[in-house]
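Since the structure comes first, as structure tokens, the remarks are kept for the end.
For clarity, chains are labelled A, B and C in written order, and residue numbers in each chain start from 1.
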């Protein structure tokens, strides 16, 4: 048995990790909730974003937190263009087609990164990478606390965009009733592309938050995407609140599994949750009927 | 042959069917009519096994089949058509019907032969090799019918098999249905086309807002004021009687 | 099933069987054996995905089970390699039944089914990576002992012909499926599950049968892989790469057809090798082409290469007919 401080530390770290997971899952759940497609390219796009942070740091000397300001709009545009001109047209509206198209895209992106960057593990060096806060019984890593705060802020901002802005209302309209939205003059293709863009923008932020303490390889997105799927299914497809809560739950479970079962089996807890949720309650905690 | 006893079906707070009972006599055509949204297709779904009832029983040949899965009921001899057509879009007409024929015929050759015979019976003999999604509405209706018939059923549940057909297509379908009955099948049909219902059915049940409000032979039903009200609204029966009297 | 149905299969297999006599270079045979292994795995996927309409994204679960079972039985129990091969196929089928039962019984369809198969494969990969019995992260090595009784051959051509025999077997099996009651019911479930049930098809049993068959075939591919390369680790056995290969080949070649998986595997790997030759040994370039091909096929040729050929033939016939009119 572990001492309570150790367990508590694992839980806290789980929450911190979970917030970034949640940020990654936010994009995925938004895309599903509106476009009703499961975006298999999500992980590859995250990897691309992380490499972008790497390049920005090594090439332009940009601090990752500063890079947020540049990469977020950049990746928004990338997502917009991808949905508008590649995924949408190629998918012909069929669910299975879209699944395959996003899968194809993920293969292309991941392996293009492999071709350019090779498979070495890379990371960036920032002065605050190992800074920590002392909260009495344990130390918390500063970059991870920053990530927690920013992730929550982004979730709030996303919620605000959806409720308060015109485009946000358009997004919610299309999510509820595509044909009706089109009939009242909403440009559905534009809304789809904006939604996808918001999703990739979230990934850009997540990448900037991860890079100070994490590493990047062309395959790193894979690990995240499966966790993100678990969160989305657990929290309910299309629910932002669900993605947040799901992220925290998954982060904590992964942390505790790692503590009790060792690092190599840590991830298994996540997948077992995934399978269990799919079998027992596929609509998740907050999702609408699939 | 079929006895539906006090079926109630609730979807959350909505009561779709309320304490409905009916029976379909062997070798007869029984009609189930009622205004839109009355719960007729839901009742079919309960009889065929797609929805479990909240209360009540379904008896087929005096056996309680209320909890039996859909495909088992088909084995027993219950076949249904769907109101919203469900063809096997990527398969040909022949292959579509053959799936039904396979219920009683293991060998592919036998199933295909049976499929051709049934296709001719419902008037699709000329389009056997056409893809199902290339058929007209009338063609698809016949395909639904053909598929169900290929399972050699004892009871045939027809869900608005005439909906969406123009008058001449309806005129062509009615003898097909009558011939099916003459071959010994029992038919329970949901239908809105009144001329067909009155002409084909020996016994009719009227479902309105989930309840059976009337039953009887066609001419009794057409004169039943409650039935008129269910379709035309409250007070309609009295208004009609009044206008009939003034036209004397 | 008549002789006429089998003729194309005999012809194709006959022609392919002659290749080792003309091209005996090791690199060529290597490429061919590997491609045949992929083709077998793809044929397995095609049964469930093409004919059954259930798109699995985790066929690695069956490939890896076959591979590991074969390897472990030889390494830990000293079992005869051929016996281990057979048991490996059975183990794959078992895993298929378990995953199928859990998923189909819960009513999972469409994207949800794809996701859960992905998860199952990942769970197996993580477990294999962490367990001593599978060699953990270091992997498993089958002892080199080249004797036919040991399912190890000096000549690569021997492996090629064995692989080809397996491909031929599954081609015949697939053709039989197309003409059988089981196949008709499976395709009915693919097109419209509710309508199929109303016609007396036990959808659950049919889907379980399909996934068991599909898993057994893909497991056979895994067993052959283990015997040919004699080394496995969790990424090779249960990695995403084989799940992708198994679904890519049928889609590119022609989903739900007898020859689609074989054609797709040959086309993809041929193209992959060509790309590597032209672009040099840049890692990942061939997969970039694969991914792009997947997107292009889905966008412009959803029936794959065979579908394109069919459409071209139809257009040529129409033109010929109007010209003679």
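Here is the rule we go by: a contact is a pair of C-beta atoms (placed from the backbone, for glycine too) under 8 Å apart; a residue touches a chain by one contact, two chains touch by 3 or more.
Everything numeric in this text was worked out from a predicted model, so none of it was measured.
Among the chain pairings, A-C comes first (most C-beta pairs in contact). Here the chain at the heart of the structure, going by C-alpha means, is C.
With centres taken as mean Cα positions, subunit C sits 32 Å from subunit A. The distance from the centre of subunit B to the centre of subunit C, each centre being the mean of the chain's C-alpha atoms, comes to 44 Å. Inter-chain centre distance (subunit A to subunit B, centres taken as mean C-alpha positions): 50 Å. For subunit C, no residue reaches two or more other chains under the stated contact definition.
Subunit C makes touch with subunit A in their complex at residues 55, 57, 102-103, 106, 108, 110-112, 114-116, 118-120, 122-123, 126-127, 129-130, 137, 240, 244, 251, 282-285, 287-288, 290-295, 298-299, 302.
Contact residues on subunit A toward subunit C in their complex (touch as defined above): 38, 86, 89-92, 95-97, 99-101, 103-115, 118-119, 218, 222, 226, 229-230, 233, 262, 264-265, 267-268, 271-272, 274-275, 278-280, 282, 290.
Residue ranges on subunit C touching subunit B, taken from their complex, read 179-181, 184-185, 187-188, 190-192, 194-203. Residue ranges of subunit B in contact with subunit C, taken from their complex: 48, 50, 69-71, 74-75, 79-80, 82, 86-91, 95, 98-100, 102-103, 106-108, 111, 147-148, 150-151.
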